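In what follows, structures are represented as structure tokens.
You will see chain A twice below: alongside chain B first, and alongside chain C after that.
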Partner chain A sequence: MTYFVTTQTPASRIATVAGGILILLLFALPFFAGRGTIRDMFFILTMLTLAQFWNLLAGYGGLVSVGQQAFVGAGAYALFALVILGGLDPVLAVPLAGGAALAVAVPTAFFAFRLNGAYFAIGTWVIAEVVRLIVAQWKSLGGGTGTSLPRDATRDMWFVELIEASLGVRSAAARDILAYWISLVLALATIGGIYWLLRTRRGLALAAVRDNVDAARSVGVDAARMKWIVFLTSAFGTGVTGALIYLQKARISPDAAFSVTDWTAYVIFIVVIGGIGTIEGPIIGVLIFFALQSLLADYGSWYLMTLGVLAIIVMLVAPRGLWGLLSEKTGLHLFPIRRRLQGGQLNRSEDTP
Partner chain B sequence: MIWVDTIAQGVLLGGLYALFAAGLSLVFGIMRLVNLAHGDLIVMGAYLILLLVTLLGLPPFLAAAVAMPLMFCIGWCLQKFLLNRTLGDDILPPLLVTFGLSIALQNALLEGFSADSQRLPTNAMTTASFQAGPISLGVMPLLTFGSAVLVIIGLNQLFYRTELGRAFRATSDDATTASLMGIKPANIFAAATGIALVIVTIAALYLGLRANFDPNVGPARLIYAFEAVIIGGLGSLWGTLAGGIIIGVAQTVGAAINPEWQILSGHIAFLLVLLVRPRGLFPRAHD
Partner chain C sequence: MNILSLDGISKSFGALKVTDDVTFDVPKGQALGVIGPNGAGKSTLFNLITGNLRADAGRVFFQGRDVTRVPAMDRCLSGVGRSFQIPQPFAKLTVYENLLVAATHGRNLRESAVQADCAEVLERTELIRRANVPAGQLSLLERKRLELARAMATHPDLLLLDEIAGGLTEGECRALVGTIKDIHARGVTIIWIEHVLHALTSVVERLLVLDFGRIIGIGDPDEIMASKEVREIYLGIDV
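Showing the complex of A and B:
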């Protein structure tokens, strides 16, 4: 018998199979679900992607940003600029918009990394405000009141005609389906990518930096470099998601695209309630968030108040969130990261006491 | 000559920002806690004063005096029963709990007082102004600035002349050792937040007297306060006043050039200071 190192667990093997089936179902969803369901799923998937990136920042990188709206807004405005001013196809502009978020992220990191711990949080917020105020001066994109995507640009978007013909739906519904499929690919790529990152050497370094910066540095981890990598990755992904969200909305204004409530508060609540520092947490969090929103949507500010109070309670009672509670009780890990030594003497010595 | 006037207005506006910032600075200095709900607490204070003014018919200044002990109790309880439980090596719990508190408070105010903007009633005295050479000074901005200076003097006296101040400094330096000397850090922290909310009440009074407020203006006050603290250097109260003045002058000068640039130029001034002096203008020797 030889030793081998594995990260798999029985639960993770079952989760892989179940996840595969779920993914197929999600891709097939537009063939049997109505437009309302598709829109809801688009919302869930884009919020999940934003939550995964914030979780990568705060849960794994220890960088609590309250300025994610800077990247959502930058990505969204880049999409509008590329389509309206550059004449690009919106579908092509979505990934390119990530570059704009990256361009905002470099100076943001340069300033915000000068601030320690908690002050980093407000620092990112200040920079998001600066970006919002500058964008509001951009007259060709509507200034402070915002603008809409031109109708012909959204109508002639790639793939829309194909979806119209093959699914027999109207143009508006086809656009929703296209946005949904992109959001599904994006969410899967994000979860897969983060999971892959955490299982590589970089991921190990990241966990080490999070747990103890000094100890990590003493074994040769470049902590500052890890912070940059995590911050820029998260900004890029958040920017692409922002562009996609506003591709679907087709209407933008600085106050909406740079809203701290929509793009940061909700995202933080999703991660905190679900479980910070896990991949499963944001998935659970977004489902609870969506359920609460459907239940309490009519109560306006009561809804946000409930979310705020719930986040406080979770943080005090169960700092690792609902998924943390569950996996502590059951030892369940759907996305295991921990490397375990199996086989060989290890198992035999357990057999013969 | 118009520039002298603009800068004078900016300096006086800085007094208001220093008042916003003093409570934040105090709490951070003693327990390294950044309270993201600070701005919303200021707005809550303004509504409390408004409530006392409308229900009991008190003049605003008297209403603020009545509100102070109430706000002290709120701060004491907030720290003792909620925020103390988040303190520790991990920076996540205090940040996320105060952020949750900020959102909850904002929406509670929205539910209770609606989104309409409000203002504390003013009289002839508070809207008066007089001419000093080429510049015209409002009585209210002068009062604000004077209050800011008094608050900072008072806090410095408290820190360096009283037993409580000694306990504050000891707990700030080393909470464990301080507790060996018979100081209960939990109570010291509660008292500090209580005092911070008394200062918040003063800030709220001037906020409500000088401009309209609604439940959503809290986060922007937090950001100004934060910028003033960072520009001044952590732990220096006079530095915080200087920071407030820099933000105030940048804002009024920016607004004089183009009204749309008012807020933006305040932020830019902050980023410039951060670029040149990352630790602020008057940083404390350690930490």
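Showing the complex of A and C:
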């Protein structure tokens, strides 16, 4: 009898349909939602993208970085440089900014890959600080105080006029809608891309390296190459997201763009409470993070303390995050990656869970 | 023709010399047993052959090619498979996925090209009914079988087994020896480190004795086991 392999589950088939409808709704959102909602959704989607890339790095690659702000800042500053100094259209500059993050990532990896575990985490943080200090010397982009995107550059941005005319909104609202749509495409491409990667043989290699690096090498897995692929992919994506975030903000300073709290601590919080090592986790995590931020925005430092306490409780009660807990209890996987061998002698399925 | 040749291999950890000027050849298709007291340098010898460790001196030839400086993953691709003394499963992957990693990367093939082969290896190593169980949940015997199965999935020409029978019951051991005999009968060259001597001698055609990193005997298993030096050093028998 022949064997065959499946990855889909009944739940994942339902999730595919529901996800498709949700995506259509999200694309249509600017036609019926107000500007506040669009801005909130932009925040959620960009944080989700950052969280997915950190999760790829730490959850799948085992590389716990505390220096993702280096790539957010590098991408953001590259956008400002390309627009202000290079005269490029901001929409075009967003993907190009990922290249700047890559340029920072290559030497970072060269040094940081010599370190393991906690030393790697601290190493990436130190490197991010160094990048911030260097960028703060860049006088033509405002040095330590930062700068703004020129009015005419954002006003004449690609697609803005088209959105103004077709949706009947003002220029500022049209810019927010454009940024939102780009963030939606970016988030979907990120989730889709990571899901695709995990389902290829490289995804298997990644899991093998995470579980046991010596055994992985002994069965022909190029462990060093997997680390590079994950680190550079994550840096590029984080850089593009950083550029997009600061395109929407239109104002930059080194302290904000290289903030460890905003671009790494919050991102780790999202991934950890949602569920590290799963695609679903960061999605749940970002929704919880957004809800908490909306509820506690007026309480200043109480807000941060609440986040900290919540993170500790989740780590103690559900070390694999809320999605991990749910998935364990129900066996639910919306993005299944487990390959199940079926058929042949497995047709009588008495001792397969 | 020799599939493997070691020429004057030495390895030290600090002041401790764990492999001392080791030279021997393994003809293609042979099953060679390796014995020696604990700490004799048996596992280190394996790590030097697989490339998990780099030799300080000497050269390693595999299928006529000098592989002394070739890293572990490339040696696997050229046909060296191994099992670890302490099973090293990819714990969060299923048994089937463990084999899939080995087959796709160890042979550089696409997933669809190795599915049937992985299922066949699982049948042969009697793990097929556990195919979809995470490897972290396996029993000791199943973990040992998985070590064997995962090495087999890379289609090795040379298979290195490190104390694969250790810790098993008599019945489990017999079943595993049957599987190993079957693999050997298919023409795979085997080098097997083992303390369970009756299991070892029921398979191997040649025996190598290691003590303090040096070869103190190599040849016909019966003659080796009968020699005074081996009985003294290895078995601790006062003759």
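Simple rule for what comes next: the second predicted complex is superposed on the first by the 341 of 353 C-alpha atoms of A that agree within 3 Å, B and C clash if a C-alpha of one lies under 4 Å from a C-alpha of the other, contacts with A are read in each partner's own complex, and residues count from 1 in each chain.
Note that contacts are C-beta pairs under 8 Å (C-beta built on N, C-alpha and C of every residue); 3 or more make two chains touch, one makes a residue touch a chain.
Everything quoted here is computed from the prediction, not taken from an experiment.
Between chain B and chain C, it is B that contacts the larger number of residues in chain A.
Of the two partner chains, chain B is the only one touched by A:276; chain C is not. Of the two partner chains placed by superposition, only chain C is touched by A:215; chain B is not. Look at A:118: by the touch rule set out above, it reaches chain B but stays clear of chain C.
Touch criterion not met for A:158: it reaches neither chain B nor chain C. By the touch criterion defined above, A:261 reaches chain B but does not reach chain C. Counting contacts by the rule stated earlier, no residue of chain A appears in both its interface with chain B and its interface with chain C. Across the interface of their complex, chain B is touched by residues 58, 62, 64, 66, 111, 114-115, 117-119, 121-123, 125-127, 129-130, 133-134, 136-137, 260-261, 265, 268-269, 272, 276, 300-302, 304-305, 307-312, 315-316, 319 of chain A. Those residues of chain C lying in contact with chain A across their complex are 50, 52, 71-73, 76-77, 81-82, 84, 88-94, 96-98, 100-102, 104-108, 110-111, 115-116, 118-119, 122-123, 128-133, 150-151, 153-154. Looking at the complex, you find that chain B touches chain A at residues 32-34, 36, 82, 85-86, 91-97, 99-108, 110-111, 219, 222-223, 226-227, 230, 260, 263-264, 267-268, 270-271, 274-275, 278. The touching residues of chain A, counted against chain C in their complex, run 2-5, 200-201, 204-205, 207-208, 210-212, 214-223, 338-341, 344-346, 351-353.
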